[in-house]
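For reference, the structure is listed below as structure tokens.
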Amino acid sequence: MLKSLSSTRDLLSSILRGLKVIRQERKIFVGLCIIAGIYLVSQLVSLISPYHPMTMGNVAPNLPPSWKHPLGTDPMGRDILTQLFFGTVLSMQIGFMAGVIAFASSLTLAMIGGYYGGYGDSIINVFTEVFLTIPSLAVLILVAAVVGKVEVPIMSVILAIFSWAWACKVFRSQMLSLKERGFVKLAKLSGESGIGIIAKEIIPSMLPFLGIWFAFIVSSAMMAEAGLELIGLGPQHRVSLGIILNWCMHFNAFTRGLVNWWLPPCIILITLFVSLFIISMGLDEIGNPRLKGRR
Amino acid sequence: MVAILEAKNMTKVFPLGGLMHKKYVTAVENFSFQIQEDDRKVITLAGESGSGKTTIVNVLLGFIKPTYGEVLFQGKNIWKRKRSEWRSYRKEVQAIFQDPYETLNPFHKINHVLMQPIKNFKLAKSKSEAVKLASEALYSVGLDANDVLDKYPHQLSGGQRQRVMLARVFLIQPKIMLADEPVSMIDVSLRADILKIVQKLQKENNMSCLYITHDLSNAYCISDEIIILYLGSVMEQGDFESIVKNPEHPYVKTLIQSISIPNPRARWKGKVRLQDIEIARLETIVGCKFCNRCLEAMPICGQKRPPLIELEKDRKVACHLYV
Amino acid sequence: MYTVKYFVRRIAMYVLTLFVALAINFILPRLIPGNPIEAKMVQLFRQGVNLGGKEFVEKYSQLFNLDQPMHMQFLLYINNLLHGNLGLSITYFPSKVEEMIMTAIPWTIGLLAVAVIISYSVGLILGALMGWTQRKEKPSKWANVFFSLFMFLSQTPYYILGIMLVYLLTYLLPLFPYGGGVDLALIPGNIEYIISILKHATLPALSIVLVQLGGWALEARGLMVSVLGEDYLFLAKAKGLRERNIFRRYALKNMILPSITDLAIALGTITSGSIITEIVFSYPGIGSLMYNAVRELDYPLIQGVTLVVIFGVTTAALLIDLLYPLLDPRVGEK
Amino acid sequence: METPLLEVQDLKIYYKTFGAPVRAVDGVSFTVRKKETLGLAGESACGKSTLAMGLLKLIEPPAYIAGGKVLFRGNDLFSMSDEELRKIRWRHVAFSPQSSMNALNPVMKIYEQFSDAMQDHRFKNQGKNPQGYVSTLLKNVALAPRISKQYACELSGGMRQRVIISMGMALRPELIIADEPTSSLDVVVQRGVLEMLTELKEEHATSILLVSHDIATLFEVIDRLAIIYAGKIVEIQGVFDIYDEPLHPYTQGLIVSVPTFERKEIPRSIPGLPPDLRDPPIGCRFHTRCPKVMEICKHKEPEFKEIEPEKFVACHIYL
């Protein structure tokens, strides 16, 4: 799509401009910092941790928190803090990957379908609505059960399949209204091709909006991911936040009051979701400056 | 001689929904007109909202396909052209729009809107030539390139934005310019400047201009001919001055009389009749579309659509009074 | 304005959705390499249960029509469905799947209906009031406190809230029982039995209600803020109407209508959430049934439950969408 | 001298921004007399809509009233309680907003939107048959009685505007403030609506404040004309006087810039741009564009005063 160096430079300058806006917008900045912080710390600690998250029996089981094991150990003899850091990294990776896949496919479908219209668009539209009404978790459970042991990439794809529809519907309706706008007409008159118009005129004017939906998709993918893992469906032999919660449930950690075990993953998950939501609120303010100062 | 741009019996019908009883609205009905290569005139296309003038613009610019009839460019139907030929059509038929703010993408600097046609129509060989072209174009509409090229649309005033749009047309040098309500969003005290540029552009670059508007008094200053539409059909067309002085069609008479002259001593005389037809019921009218508001209606007006007949040279009217 | 087109289109969509659901439901389990019965046998054999040899597998395959060609299997499957026949459970052989579902479904519907109605109506009112305060030059502090609280709730997954409630109200402060739908020692029918049902349902319902409440309140607040900018609200003020009437007839009415369609769309998500909530609380509804089926790889049961859930949700959404045009005069005009 | 119906004294309405406030209306004084139609003309963003809304305190944040008084039959509207002001609105002073396209509640029938105002103002003049009263009101603006059972989305733009005008007349107010009531309508419909408004005004002895950017249309119906530029009223005269002998250079330029069928030529425009109201020019606000600018105009603000009976102007030429 980028035909010449000059358009690459345009793109770079617009990205820089975007970064400047992000710095000015406190909500986005704070949200991004929290998320990046959680990821980097977890990644770093999981690299230097003396314990292994999966190997059982390396340490004594069921230890309460201590200096050696800040969050104690689980009934299978593993360090909980190590599990937590490994789990955070994996959960975030799966959620982010699922988000990217779902986002890219919904954007492509919505843009191409919405701009060119015709039968292709009708089919896309119908499928979007079908996927919207079906309760995704029921199907996810079915899929996960059928696939059985899933690896991380497959888990991401499965999650993506059930996270794209809503975004696709919204992108498409945005496209339908944007393509009637004057600047699209003008670009046509200036001899621009369809792909050129989508890439240079329509997508740029949707940027904050796209950001909101990316955050939303990642957030809902992670939510579904942890939910599936909680009930025992998901990647095996790796640890993620949802899988920790699954073990907690298995060993009745909630009713035995093992706060050190089940609470930390819950807190991390909620922090991630709230941060993503704050980011999207900030993006919303960029998109509709009217909202700013209202709250 | 082949007309450069011609519309032949152009009709555009839009579906209105309803699966069992599908409803349609005829936005434009049997519209024909042509611009000759050496005309270099300004023709006004006038009508109220719902008269179909926006649809005509969209069809002529190739944004929508007419339901019946055809649009010919240099004698060739534009919808039967190859893809590559579209660009040459775009190069020769350009437009400026009502709301320059809507027409400029807020994401891009002014630079973008001028460079895009230069690149796509290959108007310049090098980057520096392109910048030179853009600067010249901006100069010709009274803007300074250093002032505006690096600005975003919201940093310019309404008048400046419309000037940028005119500079863009100057740059492309088309044969035909469609001006769709170019001054209606601009302050009264500044309108004249834009009209002057439109006139200058048209005269100096040998363009023909189709000036689309609902405001006859602005159009009157710069136009030679006029076509008056009502609910998708031409009511009267011909020399602007003679129609203003001596309108024939009852609708055109009411219209001209209702236009305010800025003089409190020349106030409206008498009263107009107001009656509203719902758009959906419009399709059931078989006779003249103005019939139910017409003070001179005859029995035949409700039964038969009047044809567009030539009264004298350069004057056509669609009314049973003159059949 | 009830347009025929809208009606037909919506029903066609519904049929198509059901068809897709059927297809997914039919194809997915058949994608597993090998025969599900064999897979199940192997699993049971590992657990030390030996049901028999090859003949057993064949007999069962016949029973589940697994020996037929694919398209015949599909037709038979559809035929069975039309007769309300969802097949036999493998794990609890020879229990009928539809009977198992029928015992579970009242629990789920009861839980879900109460939770959705409470959260939707309370959330809507709270959100509308929150949005209404934005009119003033200085919005009240309470509106901001509530906004943060609801934002927090709406971003909390049901299961996490559920876990926290379990910890707080069954472990730290044992007010409610954990697990099951009713105390099985009680005799059905008397007051104690009903109280027990309510006690068991409170925590799962509360976790759904709280999360949903946050979501609806934020949604309603957003809708209200956008209604506040509308011209008709300005005219209402210019008309000198009483504040109460402007809120009720102009703001609230215009805001509630679009939220109804949102409810139709959200049903799927809510149901998904309640499935996990049931599992967390081992509540004897559809969710737990599904969870057990998945753990036991009981394919007929999984299929049956999935189908019933999809059918229920899409039908509810259809009903809402078909009722909506009766309420909103704007639909169908364009 | 009898008290005027509406008297505005040094009214200031500003918009709060991050920097200096936007002084949209900055010290405006005028009166609306009984039974007269006063026109208020100005270009976009000159503060005329803000002024019209501010008279009844209908402005919303970030706009705020920064000073001045509005007296309705001698009573100060700004010192009233919200409830007292509410009772004045619509019952005594009706306001027809600029964008009438979406000003009707889309989910209430037209009749209900008439009757709720009657209820909340305890209006009893409609007699025993409010339905019939509404039908009469609608008939006055050439609309069929069945309209009252319809929703706004079933009506065209011109019909909606007429509904709002007849709603404004429903409580028999003494004054109607109409902000660009016809600017979105077609020429012929515009004429019809204005003719109706004038007719109703004559019938019920109502006063009208007609706000518009379109001087040519204003000339058709008004008795006196006020010209507003950059947040200040620069001139008020009777309509014939202001046409024959416009005093302020801005008024002169504005009248000349309107095209007319009488001359087939592009009219003259006023050079330059209206000022930024966050930082308006010192002295006369028009001095940056004025063809008759003098030295004094650049540092001293001209006082708005009555130089001859019925001739108000703010210009150093006449001081």
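By letter and in written order, the chains are A, B, C and D; residue numbering begins at 1 in each of them.
Simple rule for what comes next: a residue touches a chain if its C-beta (ideal position, glycine included) is under 8 Å from a C-beta of that chain, and two chains touch if they have at least 3 such contacts.
Remember, predicted model here, so these are calculated numbers, not experimental data.
Across the two candidate interfaces, B-D and A-B, the one carrying more C-beta contacts is B-D. Of all chains, the one whose Cα centroid sits at the greatest distance from that of subunit B is C.
Averaged Cα coordinates give subunit B a centre that lies 32 Å from the centre of subunit D.
Between subunit B and subunit C, the centres computed from C-alpha atoms are 54 Å apart. Look at where the CA atoms of subunit A average out and do the same for subunit D: the two points lie 53 Å apart. Chain centres here are Cα averages; for subunit A and subunit B they lie 49 Å apart. Counting partner chains per residue, subunit D has residues 154 touching two or more of them.
Contact of a single residue of subunit B with at least two other chains is seen at no position. Contact of a single residue of subunit A with at least two other chains is seen at no position. Those residues of subunit B lying in contact with subunit A across their complex are 61, 63, 87, 90-91, 94-95, 97, 99, 102-108, 112-113, 116-117, 120-121, 127, 168. Against subunit A, the residues of subunit C that register as touching in their complex are 13, 16-17, 20-21, 24-25, 28-29, 31-32, 134, 139, 144, 147, 151-152, 154-157, 159-160, 163-164, 166-167, 170-172, 178, 225, 229, 265, 267-269, 271-273, 275-276, 279-280, 290-291, 294-295, 297, 302-303, 305-306, 309-310, 313-314, 317.
On subunit A, the positions that touch subunit C within their shared complex are 126, 129-130, 132-146, 148, 166, 219, 223-224, 226-227, 230-233, 245, 248-249, 254-257, 259, 262, 266, 269-270, 273-274, 276-277, 290-291, 294-295. Those residues of subunit C lying in contact with subunit D across their complex are 135, 137, 230-232, 234-242, 245, 249-250, 253-254, 257, 328-330, 333.
Interface residues of subunit B, counted against subunit D in their complex, comprise 48-49, 157-159, 187-193, 195-196, 199, 214, 216-218, 220-222, 241, 244, 254-256, 258-265, 267-268, 271-276, 278-279.
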